[in-house]
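Below you'll find a set of structures to go through.
Look at the two complexes coming up: subunit A is in both, with subunit B in one and subunit C in the other.
Right, the complex of A and B next:
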């Protein structure tokens, strides 16, 4: 197990290096640079800026410097945020995104498993029809629409109650987190519900469930131990990538609910070609994603002993 | 698929399983509640602040607002953007300032005297930094030398090139000490000019001209402006709390020399979001005291029966032609034919229909002042009379001159936002309809569009320009052959001549006459086609009075604002 984990970690490191390199050269290949702005710079001012940020050196030298600093854990200073270190930006804003993401993934996973099991149990009956309709909505409606509608409902709710029931935006308490995390987790929840439903239906008609019934094992035990536990496996598999997608994909929700997360720095950096922030956030998120996938694989082995043996 | 009818044992199983599921649901609910409590404890531990906002807070004499983005540069020597400019306008004050009626008035300098070669400022002796130390003439000299230093690499250093040796210092050819300024004592500042500047007094209201305290600056060890504690303030407010990406709290500066004129004690910048619908929701929820409106949410503002205000932000937008020899748009007749068919009133009033926008008539927007009154009143722009028949004649001439059977498709470069899309498609449709010209739209994101503009990879481009300072020259020198912002590379001796004369003159009447000639030349030679002047529509809480939107300086200015008391009846 330990050697397996070590092997995976090494593979992960190579993946992250590959992500960093591809991003670095891709970013430099895009027309324009961090200094391109609405107003043209005089040659001398541009030159001064290039020297200040080391942009006057060949791209391959810049790449070398970047790798060297990365190895030291130094991601550099932002081009657009005066005097702010990229390390500080990540340290300050990732916890917010992570908190939001953890809550969203909890909502998504628990909701997905419960709704999925419920629809399977009541297949082709009213609860199933209603929930599956909502699931289709949840998957197909884009998050910026859900977020805007969610926020507007909060405004109306507060308006009707005549007092602030739940905050419309901002950050700081659990009350600020509820609606944004529900919005953020919604599409994943919908997807997981569908996955759980089909997985559950497959299990229900399998041989070992029939055997268990024939043996006279109590219904509650069959449902929990034989059906639910086995049906959850595919859900766990997709959970890893989902965690990364949710924690990194909060951009829209963060903008609309005015949440100080990392997602918006990530997107803004790309728009502004803020090289250091692009590299910092990409490497960080890349490492995070790779780590999550490895972690889920390890957990998977723990839940399903068959995987461990292979 | 037909399902077999449920047997008794199946429904019994479903019932038991359903109960089981309900129990799990309950457990999950409790688990989420515990998780939330844990998260709450964790966020408390991380001591990040909690958003609290109230549009008008009478108890604390405070207003709350939202801004579009985190201010990227509060270091006045390098700041260039509007978000930073708004904060800087509230926490710093320079030698002079603009009052509520856009008139120049005394700031830290109580008296000033301008001649052709030098400007003399007398500073008040009671002006203090927010730590209580005196603001001296040396602080200004240090600020200017810093902004000009090649290592600091300020993008706006060129604004200081009016000062003697400014350009040479920025180029690294002279040491900073050679800057043409002297301080006979702590409260006198004498500036030598490189050449006469008619509007130098207005220039000093700009952030690049703000004072910087030398000792403090050096003590921050390169972190000047990165945090609230890494700044000293000379203006009406101080930043008492700055949570990056989240909020800023401005509090009245007790050391500000003119603090009695400030009526609002605290400005709570509670939200940072670029989403205008979110801002509107905060306004509806009575969390913020003002918000701008966009075309999409104007209707919902009208439904609420709010009083909607309009303001021109001073930016003009135009269709810029590529005048390089390699592009057929260098042909006058081709450009003239487009001028004769493109109806900017149709664009503004019927196509984009954005409130507050004005059809473009001139290179010079309406807000600019002439000798006595607005420049555009003193020198009205030539009215463009549309004439499709003559337009077709010009096309024929163009084909003849260019030796072409037909005009090949023209490349129209544009940005990727909704408004530019509509405009580009309108230009495309109009030119096809009236002149049978084929236009290909090249849609690019911000940086890539600028890169292509600079490289000259376009026939026409939807471009815009916002003023850097309060003088017609900020627009007037745009098409000088040496101006790097002249991306279409228009070059004519007449234009260069007018601009050189304007730059050398300080007589208001002469200067305005020259600007009028530039305005006429832009029309006659079809250098560009002005499309529109941008407008801003916004709403303000009925009890917040005296808020000022500015063209130059902070876009939104609360320094003259006050909260109206609740009426008794």
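Right, the complex of A and C next:
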């Protein structure tokens, strides 16, 4: 187990290095640089700035400096925002995105497992039909439409109540988090419901459930102890990739609900070619995703002893 | 012994003549079906898959036959009908040329004339003669938070004429008495009025509603052009834009998956067939590609192909999707190939002297075809989603080229006042994605017996 974890971590590090390298050279292949902005700079100012930021050096030297700083954990200073270190930007805005993401995953997992179990329990009856219809809707409607409709219904809700029941946008209190995280988790919830349903149906016809029935264990206990626990396993496997999906979906939700998360900064930095912010957020997100997937794999091995990690 | 001798002697010569074959040794009760015929039969029995198949056919007809029937140019702006909801009133009344107005004096707050798109004339009792009034306009009713809307003017006179960008809709006008500092007081009056759409003779002639010779009387009613699904914020016909947008969305939706699945199949089958260290290295590389940030590379390709702002970003988007999304298919096909490689018929083929190329092309790829087809079907909705997402954040198809995603992007800005501009493109995306998801489910059930009933 320990050696497996170590091996996976090492692989993860190499992946992160690859992402960093590809992004670095890709970014420098784009014509223009952070100094090509709205303001026209004179030749001399431009030269001075280039020297200051090290942009006058060959790309390969810049790459070397970047790697050296990265190893020290220093991501540099933003080009477009005054005196802000990329580390600070991430430290300030990532917790917001992470809170949103964790809440969304939480809603998605709880909802997915509950609805999925319910549909399997009422297979081919009315609750099953209704939930599966909603699931198909959840999968088919794009996230930005869900977000827009979510916000629209919030406006209507506040209108009807006459007061502000839940805030329409922004960030700060728990009340700000509810609707955006629900919206963000919706498509994942739909996906997990489907997965949970099929996994439950498969387990209903398994040998150990039949044995449990034969022993005379009450149906409710079979359901919770035997079916539910075993059916959750495949759901856990897809949680890793789901985190990736939720981070990309987070951009849209952050823009629509005016949430000061990292996703907005990333989109903005890409448009302004802010080298250090792009590199910093990309490496950070890349590392985050890679290690999340590893973590989920390790947890999976721990929950299901039949899976041998090697 | 004696018995046998006896029988032997009774055989005549014609007993040794061959029998006429009037009966099959083995009969096949049903016609033999190939794998694909069988799959087609199973698909046809699946009601949901059949519905989705018809939906896809309908979408294709909408995309390719639609513009032939509905020949409206999607770029033409109908400036008289901006952000029109479907089924909105299209009538317009002929009025006289505009003439200036100086108020008539009134004892109560009222419209001096019927409000029209030419001008809205308000007058009221002079209840605050010393400091004057501020006039507000809003399309929403004024709630407890006292949102009066757009401040139009400050005046000392007890009348006001609004000619600012009037639309044929409901407005709430508020006359607010202001104090010495120009601040709002609690003394205000609100009036609601519906603005009627009017047109002058000259405008009507230039729009082709009236011929140059004709001289119809004031008050004649006309109808503007019909837009079945309304118009967008620039007055462009929604139906025509949806039809043209469908081309972009479906082009990316079909072509991108086709290309990246093809690359994935080639890559995955090569890795799976060669195996060993090469396989490990190839799959590790695929893992790296999966981890690359999609958005950044998308923009990178956009710039590398010299797509400036204003040009449509279809090709760079296609390129980015192909370069970044192939690994999932590669992994799947590799898994299949690894499994099939151990099958008996491959060993048998090898024993009979089949070459590697022959084995791959003749046995392995056809046997993974079902899985590949299902992957393509599920890749179509995800590609349409990606296009919509990228266009939505402004990184995909650039205006004026319509695509469903960019139409959603434009529609979301006016979502509160004109929801139809968001609803229709979103509906088309949803229906397409839904159809392909259901078709994918049906195909998976039909093609892969092991996957059946998994939902």
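Heads up, the rule we're going with is that the second predicted complex is superposed on the first by the 294 of 310 C-alpha atoms of A that agree within 3 Å, B and C clash if a C-alpha of one lies under 4 Å from a C-alpha of the other, contacts with A are read in each partner's own complex, and residues count from 1 in each chain.
Please note the rule applied: a contact is a pair of C-beta atoms (placed from the backbone, for glycine too) under 8 Å apart; a residue touches a chain by one contact, two chains touch by 3 or more.
No experiment lies behind these values; they were computed from the predicted model shown.
After superposition onto subunit A, partners subunit B and subunit C are found to clash with each other.
After overlaying the two complexes on the shared chain, residue contacts for A:230 are found with neither subunit B nor subunit C. Note on subunit A: of its two partners subunit C and subunit B, the one contacting more of its residues is B. Contacts of A:30 after superposition: both subunit B and subunit C are touched. In the superposed model, A:177 makes contact with subunit B only, not with subunit C.
In the superposition on chain A, contact of A:140 is made with subunit C only, not with subunit B.
When the two complexes are overlaid on their common chain A, residue A:282 makes contact with subunit C while staying clear of subunit B. In the superposed model, A:255 lies in contact with both subunit B and subunit C. With both structures placed on the common chain, the touch criterion links A:155 to subunit B and to subunit C. Look at A:19: by the touch rule set out above, it reaches subunit C but stays clear of subunit B. In the three-chain superposition, subunit B clashes with subunit C only at 134-142, the remaining stretches of 26-34, 134-142, 332-340 or 350-358 being clear.
On subunit A, the surface patch touched by subunit B in one complex and by subunit C in the other comprises residues 30-31, 148, 152, 155, 159, 255-256, 271. On subunit C, the positions that touch subunit A within their shared complex are 143-144, 284, 287-288, 291-297, 299-300, 303-304, 381, 385, 388-389, 392-393, 408, 412, 415-416, 419, 422, 426, 429-431, 433-434, 437-438, 453-455. Here subunit B touches subunit A in the complex through residues 3, 12-14, 16-21, 24-25, 28, 31-32, 35-37, 39-40, 42-43, 46, 48-53, 66, 69-70, 72-75, 78-80, 150-155, 157-158, 170-171, 222-226, 230, 243-247, 270-275, 277-278, 281-282, 284-285, 287, 445-448, 450-452, 454, 466, 468, 484-485, 487, going by the rule given at the top. The touching residues of subunit A, when paired with subunit B in their complex, are 30-33, 36-42, 44-45, 48-49, 51-52, 80-84, 89, 92-93, 95-96, 99, 102-103, 106-107, 110, 114, 117-118, 121-124, 148, 151-152, 154-155, 158-159, 164, 167-174, 176-178, 213, 218-220, 222-224, 227, 255-258, 260-261, 264-265, 268, 271-273. Put simply, subunit A touches subunit C in their complex at residues 11, 15-16, 18-19, 22-23, 26-27, 29-31, 136-137, 139-145, 148, 152, 155, 159, 162, 194, 197-198, 201-202, 248, 251-252, 255-256, 266-267, 270-271, 278, 282, 285-286, 289-290.
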